[in-house]
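By written order: A, B, C, D and E. Residues from 1 in each chain.
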Amino acid sequence: MKGMLSFKHGVHPPEHKEITAGIASKRFPFPSEVILPLSQHIGTPAKALVHPGDHVERGDVIAQAEGFISSTVHATAAGTVRSIELWPHPNGTMQRSIRITVDPNSTQMRRPRSIPRWQDVKDVDLSKEIAKAGIVGLGGAAFPSHVKLNPPKDQPVELLIINACECEPYLTSDHRVMLEQPDMVYEGIRIGLKALGITRAVIGIEGNKPDAIEMMRKTKPDDMDVEIVVLRTKYPQGAEKMLIKAVMDREVPSGALPSAIGAMVQNVATAANIAAVFKTGHPLIERIITVTGRGIRKPGNWRIPFGTKLRDVIEHCGGLTEDAAEIVFGGPMMGQSQANLDVPVLKATGGILILTNDECKRQDIMPCIKCGKCVEACPVFLNPQLMGALAKAERYEELVEEAHLNDCMLCGSCSFVCPSNIPLSQWFAMSKSQMRKLVTS
Amino acid sequence: MTDSTQVKITASPHVRSAESTVQIMWSVVISLVPVLAASIFFFGPSAILVIGASVAGCLLTERLFGSNPGSVADGSAVITGLLLGLSLPPGFPMWMAFLGGFFGVAFGKLIFGGLGQNIFNPALVGRAFLQAAFPVAITTWPARAGNWWTLQGDNLALPFMTPVVDTATAATPLGNLKFADEPVVTPIFDLFFGTTSGSLGETSALFILIGGLYLAYRGHLNWHIPLSIFVSAFAVSGIFYAIGISQFPPFFMLFSGSIMFGAFYFATDMVTSPVTNKGCWLYGFGIGFLVVIIRIWGGLPEGVMYAILLMNAMVPFINRATQPRLFGTSGKKKKKEAAS
Amino acid sequence: MNDKNIKIDLVDDADNNAEPGQEVPLKESVSTFRLVATLAVAGALAGLLIVMVNLHTKPIIDKYKAEQLALAVYEVIPGTDYYRTFYLVDSSLSPELPEGAKESEYKRVYVGYDADNKLNGVAMSRGESGYQDIILIIFGYSPNTGSIMGMKVLDSKETPGLGDKIFKDMAYVGQFFANPATPLIPVKPGAGKGLPGEIDTITGATISSKKLIEIINHALEEWQPYFDQGLPQTSVNPAAGEVTP
Amino acid sequence: MSDQGLFSIFFSAMVVNNFTLAMFLGLCPFMGVSARVETALRMGLANIFVLVLTSTSAWVLNTYILETVPYLRIISFIIVVASLVQIVEMVVKKLSPVLFRQLGIFLPLMTTNCAIFGLAIFQTNRGYGFFQGITFAVGAGLGLTLALVLMASIRESVEFSDVPNIAKGTALVLIIAGTLSMAFMGFAGLS
Amino acid sequence: MRKTTPSHDFIRGIWNENPVLIQMLGLCPALAVTNSVVNALAMSAATFFVICCSSVLISTCKRFIPHEVRISAYILVIATFVTLADMLLQAYAPVQHKALGAFIALIVVNCMILGRQEAFSAKNNVFRSLLDAVGTGIGFTIALVMMGGFREILGVGAFLGFPLFGPNFEPWVIMVLPAGGFLTLGFILLAMGYFEQRKKTRAEAAAEASS
């Protein structure tokens, strides 16, 4: 493990990837209803194009992107629009969502669609095609990919970094993408390189996925300038800045974007899905999602249509065990707990994690004993101990000015190591929203 | 579980490391077992009486004056009591040990708001109080005489009364070198196994090392601190010894007195040491340096307690000065850019 | 508080805000002359008052000081009938000061004579830092026998209950009156080898008690050369400059 | 009259007999100006400056003028301290308005600071010469600054603590000062 | 605007606005010389003398002192009386004078005294200024004797030099050391805080019960 590329600090949570890593992905049956929020991405919500009663086919555009940083929404199954209403969203709010009653008799074939060969599209127009397909980053943030593939002219990108770290414990969806669709990944990289007008790419994979590394090496096309870099297994290796540090040995300046040092990071599943768009004409309507944890009876990797309700997923995976305690969308480190079984699975949902009481046992919050473990954990070299004290004292201004709250990426490493169980990253998230409120008011 | 009302909702991260503060504290107590056993082996029932009294003082104070009635169970007051007791001479009156425990916990810890919030090491605050209040009793080192079960001094002196039993005294290795008419350097072997006189817990470097290394292995103490203390004490005393202005050989400096004990157990108290590793280096170097200065030129034979307390006082300042360098910056304050 | 008749308003004018010592802008209305004059008059009156009281107290204070010194000298050189002050002038001891010299600038010893005008002993004072701060002592020495005749601590801030034993512990102080030979040798109580200059230190105040012994040794190192030049064995002129109790 | 070495005077004034923690001089600023490290540091530096000036002036005054009228010492020293502070204030204002703004409030406050006045009295009582006096002033000033800055940084960090209500404020500061004073006893006998 | 009566002038300084315990003025002498009751009394007496004389003189002469130089004038007046106190103590109580050392001279810079002149004597008549000075002086004395008593009893086992607990009492040396000064005042403030708190909670409980 030593000697492998990585970044400083970080943590080593138990991985638990063995639960699902070996399970090949299978198509998830179409549910009786899909719920498609107009906002499944970072940016402006899309504008609904359909009305209740409209019939839609699988892959139809049902909501149009609004503005540049926004993303188009497609029907993920054929059926009838039942309503457009406020519906629980995985982020805990109510969001305007299109409710489609799935046609049980439909074959769910895609409507034939004319997609140009990507090789024939001009570099600058590639991102438009990608935007049309509603592609957003599948690495967790769901940032519209066409925006990233259109870097500002004054900060040209020189290196495309494919993020195949999947550093969150439990999750294995990216792992399965590499094992099952390596050529799609390479195809996606080619498209990305063409869109960016560059030639060089790097794939960063954590050392705990030897079979994926092997597969990517085996299938690597000879004519491509792409390097496979094996990285140390450490959380949050997959965070953009950490990955860039490990691969390029450069730090993205505080407050700047990766393009400031000529890099662009894309998730491996995002790349594969971009390729799929051109290959199949299929917009982004489903993805591989890991359903895992000791609290679900039949864990596995599934290609689930977006909009499928959590309730349906659980039911299909054998239901919850007796001691299941917490349901999380995403990984255990950054994922969000879900209170409502009706929330739909979305583009950003990389995994559904059902933890048992043993796995997520809460202990009492003790006073901070200044052990410094959080400082030794923070990958962006903040001082969570001080930030925690400032947050508790509600001294937000100092938190931003002196303690650099804005550089915190809420990775949770500090909370993970804190022996006193202080919910540091939670406090930082709250402080951030408090600051936003202060700024807007 | 099928009903959504039973689901837990918590903020991320949803998993936590296995380490907990309470468990760390009790590990420290466990790691002290060899030292406790050694002190009882060397000093007999007196050790039990003195340590018992100081633990009782600490626990009672924590229970009576602590803001949180459950705080006794977190183990930190037990550590304070054990360490205070182990830092006292064998013949020390129990009432004084009890008083030290009270003072340390009340004015070294609870007045700041309890666990984690104190500036000074509570055990050392208690000891410094005792040293200043009863300087004679706390510097009386009984000669080891009689049987294992005879008391080493007037442990049972009545509260507020002077210890009256006249004990034959024996100088400590440090006293032997500093104040004796003919200075003697005690052999390292004796210092290592603890056959000398001194405070209950400090005499045997061997047992302290066992406990300290166990803690370092478990990750419950920051090894930067003891290491930097040893390096700086060794280097500073080595220089003075080499140029002939000190009579303390550097190895003697490391193994005599309470520097081992202090470096592994007192200086490493997380609450009262710096948060960053860089800060811990500075802190350790400061302690090592001050110990050497006080031992060579000060009025007292030993300076570990004062060195640690003085550096405890510096910790808030060190913490200010050793903030980690923010990722993606050169380390200079980003504030300046923001201001301009 | 309900005494309505004598209620007075405390005027809260702007000047109240001025900090003590803060410069207050000069107002046009008061002339600088008046300011200076007021202060000058006040100063003059103050000076006058002080001088008057000083005239009254100075003799008392001086007398007290002289008495204290004399008492100390007689205490540390037992058997002294009167003493004379010798100053260190140009590397030798002399009872006279050069013309116009300032008395305070010369180092001195007090030479005591017995009733037969014979040299009895010399008292000298010296201060060095002890455990807390400077320890100032006076002690008597017999140049003829080379032994210490007595010792008194004049000033010390040593720890009460510990270091203050150097003047409260009579067993310790008594040793200096038992004519120990010089240089003095500090030893741990009971650890002495029976040498003539041994002084037992005080347990718990080893540092102060040892320091005090060192002060005496240092003083003798400094003065012995001048004593070796010879001190008048008899008082040349008993009547002049003598001080008697 | 005193032949204490400069080194010994310096260390004694700075740590062994620290003005604030062992001699109780200048407690006003210690209590009042020790809430923020920056302010404490500035107050400390201003103090060193004025202490050195006071030491020099007091020495000159004492050696050449007060020789014959020692009983006017108190009154002359206080006048010297008061006018010195005023003069420093005016000079600093002229020469460096920036520094003046930074020191502004602290300068006038120093008139009633007993550390300054005490220095003059102590150096006279101990019979220090010119260089001894300056060493004494620098040592005392550094000691004062050390105590101030330590106290300020401790108070800043204690702001995060849940100090019990009855101890909030001065009581806690005094207990901390007492503990600091105990810690400084480690330097006793250092010579 | 505050309105006060002579009795109030007198009482105020003794407890409610005690210069040491409440206003934290004159701390240096309060801490430095209170290692015994005798020293505390001697210091109080000297301070008492200075504050009373200064108050009387300043309130008498306040009409003649131009506003611009009043602080200098006050300092001059205070310094004069301090010098007198110094000389008188030295002449008539040399032992105490030695024990108090330089702290007699330091009465000059005791902000409590200057503060009373500026805040009170400069604006009130002689009688009331004297009352105020006496009250403040008594308050100062109470605070010093409290501290001196506490420190002497624990630190020496005696009060005013009379042993209280017999020969076997183990004195707490720390109480007569500088650290003990800080701690003692800290303890006293803690105790005052405690009673204050209790009074408050009782008052609240009473208010609740009545409502």
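Please note the rule applied: contacts are C-beta pairs under 8 Å (C-beta built on N, C-alpha and C of every residue); 3 or more make two chains touch, one makes a residue touch a chain.
Quantities reported herein were computed from a predicted structural model and do not represent experimental measurements.
Student: Could you name all chains that are in contact with chain B and with chain C at the same time?
Tutor: D, E
Student: Would you kindly count the fewest steps from chain A to chain B, each step being a jump to a chain that touches the current one?
Tutor: 1
Student: Which chain has its Cα centroid closest to the overall Cα centroid?
Tutor: B
Student: Name the chain whose C-alpha centroid is most distant from the C-alpha centroid of chain A.
Tutor: Farthest from chain A by mean C-alpha position: C.
Student: I'd like the Å distance between the centres of chain B and chain E, where a centre is the mean of that chain's Cα atoms.
Tutor: Chain centroid spacing, chain B to chain E, equals 40 Å.
Student: Measure off the straight-line distance from the CA centroid of chain C to the CA centroid of chain D, and report it in whole Å.
Tutor: From the centre of chain C to the centre of chain D is 27 Å.
Student: On a C-alpha centroid basis, what's the spacing between chain C and chain E, in Å?
Tutor: 30
Student: Could you please state the distance in Å, as a whole number, between where the Cα atoms of chain A are centred and where those of chain C are centred?
Tutor: Averaging C-alpha atoms per chain gives centres 84 Å apart.
Student: What are the residues of chain B that contact at least two other chains?
Tutor: Answer for chain B, listing residues that touch two or more other chains: 107, 113-114, 117, 129, 132, 135, 299, 319.
Student: Two or more other chains touching the same residue: where does that happen in chain E?
Tutor: 72, 76, 79-80, 83, 87, 111, 114, 173-174, 177, 179-180, 183
Student: Quick one: which residues in chain A touch 2 or more of the other chains?
Tutor: Nothing qualifies.
Student: Every touching chain pair, please?
Tutor: Pairs of chains that touch one another: A-B, A-D, B-C, B-D, B-E, C-D, C-E, D-E.
Student: Please output the residues of chain E touching chain B within their complex, sorted ascending.
Tutor: Interface residues on the chain E side: 165, 168-170, 172-175, 177, 179-180, 183.
Student: Which residues of chain B touch chain C in the complex?
Tutor: Within the complex, chain B touches chain C at residues 135-136, 139, 169, 179-181, 299.
Student: What part of chain D is in contact with chain E in the complex they form?
Tutor: Those residues of chain D that touch chain E are 21-28, 31, 71-75, 78-79, 82, 111-114, 116-118, 121-122, 125, 165-168, 170-172, 174-175, 177-179, 181-182, 185.
Student: With touch defined as at the start, can you tell me which chain B residues reach chain A in the complex?
Tutor: Contacts found on chain B: 1-2, 4, 7-17, 19-24, 74, 113-117, 222, 270-277, 280, 319, 323-329, 334-335, 338.
Student: Which residues of chain A touch chain D in their complex?
Tutor: 389, 392-393
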